[in-house]
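Labels for the chains are A, B and C, by order of writing; each one numbers its residues from 1.
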Amino acid sequence: MGFDGMLTSGKMGMNKRKSERTSTGTKTTPAERNIPPVLQIDDLSIHTRADSSGKRLVRNLNLTIQPGEMVALIGESGSGKSVTASAVTGLLPAPLSMSGGRILFQGRDTATLTSPERRAMLGKEISVVFQDYAGSFTPFIKIGKQLIEMIRRHMGWNKTTARVLATQALEQVELAAERVMDSYLFQLSGGQQQRVAIAAALMLEPDLLIADEPTTALDTLTGETILQLIDSLRHKTKCAVLFISHDLHHVIKRADRIAVMYGGEIVESGPTDVLVREARHPYTRFLLQSRMDLADVPARLQSIPGEPGAVSACGCPFALRCPVRIARCDSEAVPEMMVSDGHTARCHLIGEAQGDLGAAEITRTS
Amino acid sequence: MAGFINRYAVWIGLGVWLLLAVMTLLGPYLIPHDPLAVDMGKRLQTADATHWLGTDHFGRDVLARLVAGAKITLGLTLVAISAALLIGVPLGLLSGYVGGVVDAAVMRVVDALVAFPDFIIAISIAGILGPDVTHVVIAIVLVKWIGYARVVRGTVMTEKGKAYVLAARVAGTPGVKTIFRHLLPQALPEVLVLAALDMGKIILMISALSYLGLGAQPPMPEWGAMLNDAKMMFQTHPVLMIYPGVAIFLVVLGCNLLGDGLRDRLDARGEW
Amino acid sequence: MLGLIGSRLLQMIVVGLFLTFATFVLMKLAPGDPVKTILNIDDVAVTQAEQEAVRQSLGLDQPLVVQYTEWFWRVVRLDLGESYITHRPVADLIESKLGATMTVTLGGLTVMLLIAVPLGILSAVYQNRWVDQLSRLFSLIGVSLPSFWLGLVLIYWFAYQWRLLPSMGNGGLMHLILPSVTLGIAMAGVYTRLLRSGLIKSLAEPYVRAARARGLGEVRVIIVHALREGVLPVVTMFGMSLGSLLGGSVVVEMLFAWPGLGKMVVDAIIQRDYPVIQGYVLCTGMLVVLINLGVDLTVRMLDPRLRWRS
């Protein structure tokens, strides 16, 4: 376990609670202070082909991230969340392409960037931490060399200065910097590898960190320390985070806002506490329900019906699995509807009593 | 252009072989000249109505020699590849299916030979047994069976463990039947691709050794040997070295296209 | 590491024993009488007694096993016998020719790399685009061209028609160009395709995506990060296809009258100079094993994962 265990008792873990409150705080939101959002995704669609003839992976997605904010994008595998992240970085794998909408980073349409401009932005203003930590650095080159390479690429510093920053960055994630600098990636443990990836991602103090399931491939304990690390470092560097996960429970504790994806659509989004209290979409309610305290209601716990990932071609994507479906759900597309301030959902039954989702009922409704 | 080639690779390759076969079968009837008939009065003539491609330094008709060369190339290559298949495939089947001592023995021989550059083996054998085209064929067979033994053995080893083969065994199907019914067909695509590509290499090897004077001996109208003849007059009569060279190139290209195309179609592995 | 070298050395001994024995036996079975070759008596009458004298002096009247054992121990002491024709020690002969063969082989390798590396990279990066299609066409033509014919064509134009380059013998850099180009083009096709497929595979690796996500320029991503792994199969293949290189050098040496091992062995074969043939086979065999050891070590150097696993 080595370094992984040290963080929980480390000082970073201790003093972070306070700053967390201020960013989600009650006084003024960045929007009210008239600061443009870090990331604004409008009506994004992604298809498997260049024109819109291919399979649609993401449809009409809207998402905004304010400076310093942590937004979680939740969904099953195949729901389009990672593809959305790739679209933001401009690193969509070859057959996929954006077929509609726009992505504004710091108010600038990323589609207008030339590819050198995009590359200059990546790593410096937008950083990515991948799920596959073993593939986060080239296995043939020592880590130190790759960190220095990255710093010099963006900052144009000499080797010595770059080395100082790289060392500091590794110390920030509580690694034995000198030893790690002189190691190849495969010589480190999984948790250590992910720490190096986080160190690299936050080293140049980007405005946005995209964390694409950074803990999925790690064991629970290591994953938890990695999450704490991201959380504390984002407060330190005032970096906004787009946190992608398939696990709602993982993010409730830390995200300021949550967006739930199903079948390429954001079916519901809102501030974390609001969403937890008054989820309106049946899918979100299922997700929350499966989180409920096991000791209280073991009998009521149930999984979401239907085949995971089954997406209805027209109408509501969740229609095939929804227990409260009505006729309209199969045919009629659902517009994004405002539930309350900042809380939106896409469900025809949003205003109506959806009633029981099956064996269990939602206990903590307000 | 390249896209066209990709699409029709197999057909172009087959076409070349068909052309070769037609030349072999019909050539003697279409061309009224003996490829070996020396006529010193008609040395090194340029192309005309009687000698479509002219004559060489012995007054022999070049076209007749080219066509006769096609027969030699076709014949030798087919003999060599068939022999290599007949040795390599059964040994591979046996080695993979029986395993144990048989496998170990076959693989030791394979290892010893595979460490060895095939052209060098061919040269050594041609050298030891003396320069002759038969010796070249022997050398080629000795080198080329290895590839088939390895490919077939590999396929058999992976397929052997699969459920359907085990089921056949449990049902009491005789080993021979299992081999021919289930295992051999699995190995066939890769064997075919390898054979097509190998034919190209064999043609190159035969002609190269003949060119070096270690293969076909004069006056045999083998293409490589013809090039060796043409070399002496290449300053005065460069056309003479064009024909056999282009002939070798086209036939080898046909083999490679065939192998390439088959690999794509049959979804098999293999590189030139 | 030491284990690897040890097993390679063992392989070398096994291959050496196999080779010496095989060549030895085959030579004995071969048609033609070396004694007659030495005395060159195809047209001159030589007495039976004279033949027997030569036979005895060479030990050719001894049983096969005795001959082999004696010969083998001499080989171990690097005494490969004498050429029947020139009466020079074979070891000296090989030593004097080895340099020339190395030169032309390295020249060919250089030309091959100059073609295959850029073309392989371009066709991997622009996969299925026109560069790739063109390089495929080029590779197809390259592997289908008989190298001896290509050499003749090059000689005809560059040496004879345009008189730009010398075509015969070894006399400095200018003499090296045509042989190297001939050898290089013949090999470039295979290696271009190999590098292409290796690079396509490594470009799909997650670490390449990560390098891009760190904002590195595409050229840097390809050359510094992806190429290393893409080159591995090429290096491995190089060890395996050394045969085509040495074989190719035989053809090229004959074409350009290059005074190397290849020309030496072809001349020896035609003259039935058995000790020289034997020496050549033995020497190339050892060379192949040695180079394979070099290839193994190179792959290890390129891929630290292999180094640490052992």
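Everything that follows uses one rule, which is that a residue touches a chain if its C-beta (ideal position, glycine included) is under 8 Å from a C-beta of that chain, and two chains touch if they have at least 3 such contacts.
Note that the structure is predicted; figures quoted are calculated from it, not measured.
Colleague: Taking mean CA positions as centres, which chain lies farthest from chain C?
Modeller: A
Colleague: Based on C-beta pairs in contact, work out which chain pair has the most and send it over.
Modeller: So the chains sharing the most C-beta contacts are B-C.
Colleague: When you take the mean of every protein CA atom shown, which chain's own CA mean is nearest to it?
Modeller: C
Colleague: For chain B and chain C, what's the span in angstrom between their mean Cα positions?
Modeller: 22
Colleague: Counting only Cα atoms for the centres, state how far chain A is from chain C in Å.
Modeller: Those two chain centres are 56 Å apart.
Colleague: Compute the distance, rounded to whole Å, between the mean C-alpha positions of chain A and chain B.
Modeller: Comparing mean C-alpha positions, chain B is 59 Å from chain A.
Colleague: Show me the residue ranges of chain C that touch chain B in the complex, using the header's touch definition.
Modeller: 11, 14-15, 18, 23, 26-27, 30-32, 130, 133-134, 136-137, 139-141, 143-149, 152-153, 155-156, 160, 189-190, 193-194, 197, 242-248, 250-251, 254, 265-266, 268-270, 272, 274, 277, 280-281, 284-285, 288-289, 292
Colleague: Can you check the complex and tell me which residues of chain A touch chain C?
Modeller: My answer: residues 89, 91, 115-116, 119-124, 127-128, 130, 132, 134-141, 146, 149-150, 153-154, 184, 186-187, 197, 200.
Colleague: Using the touch rule from the top, collect the residues of chain B that touch chain C in their complex.
Modeller: 1-3, 5-6, 112, 115-120, 122-131, 200, 204, 207-208, 211-214, 224, 227, 230-231, 234-235, 238, 241, 244-245, 248-249, 252-253, 255-257, 260, 271-272
Colleague: Quick one: which bits of chain C touch chain A in the complex? Just the residue numbers, please.
Modeller: Counting only chain C, the residues touching chain A are 205-218, 220, 224-225, 228-229, 302-305, 308.
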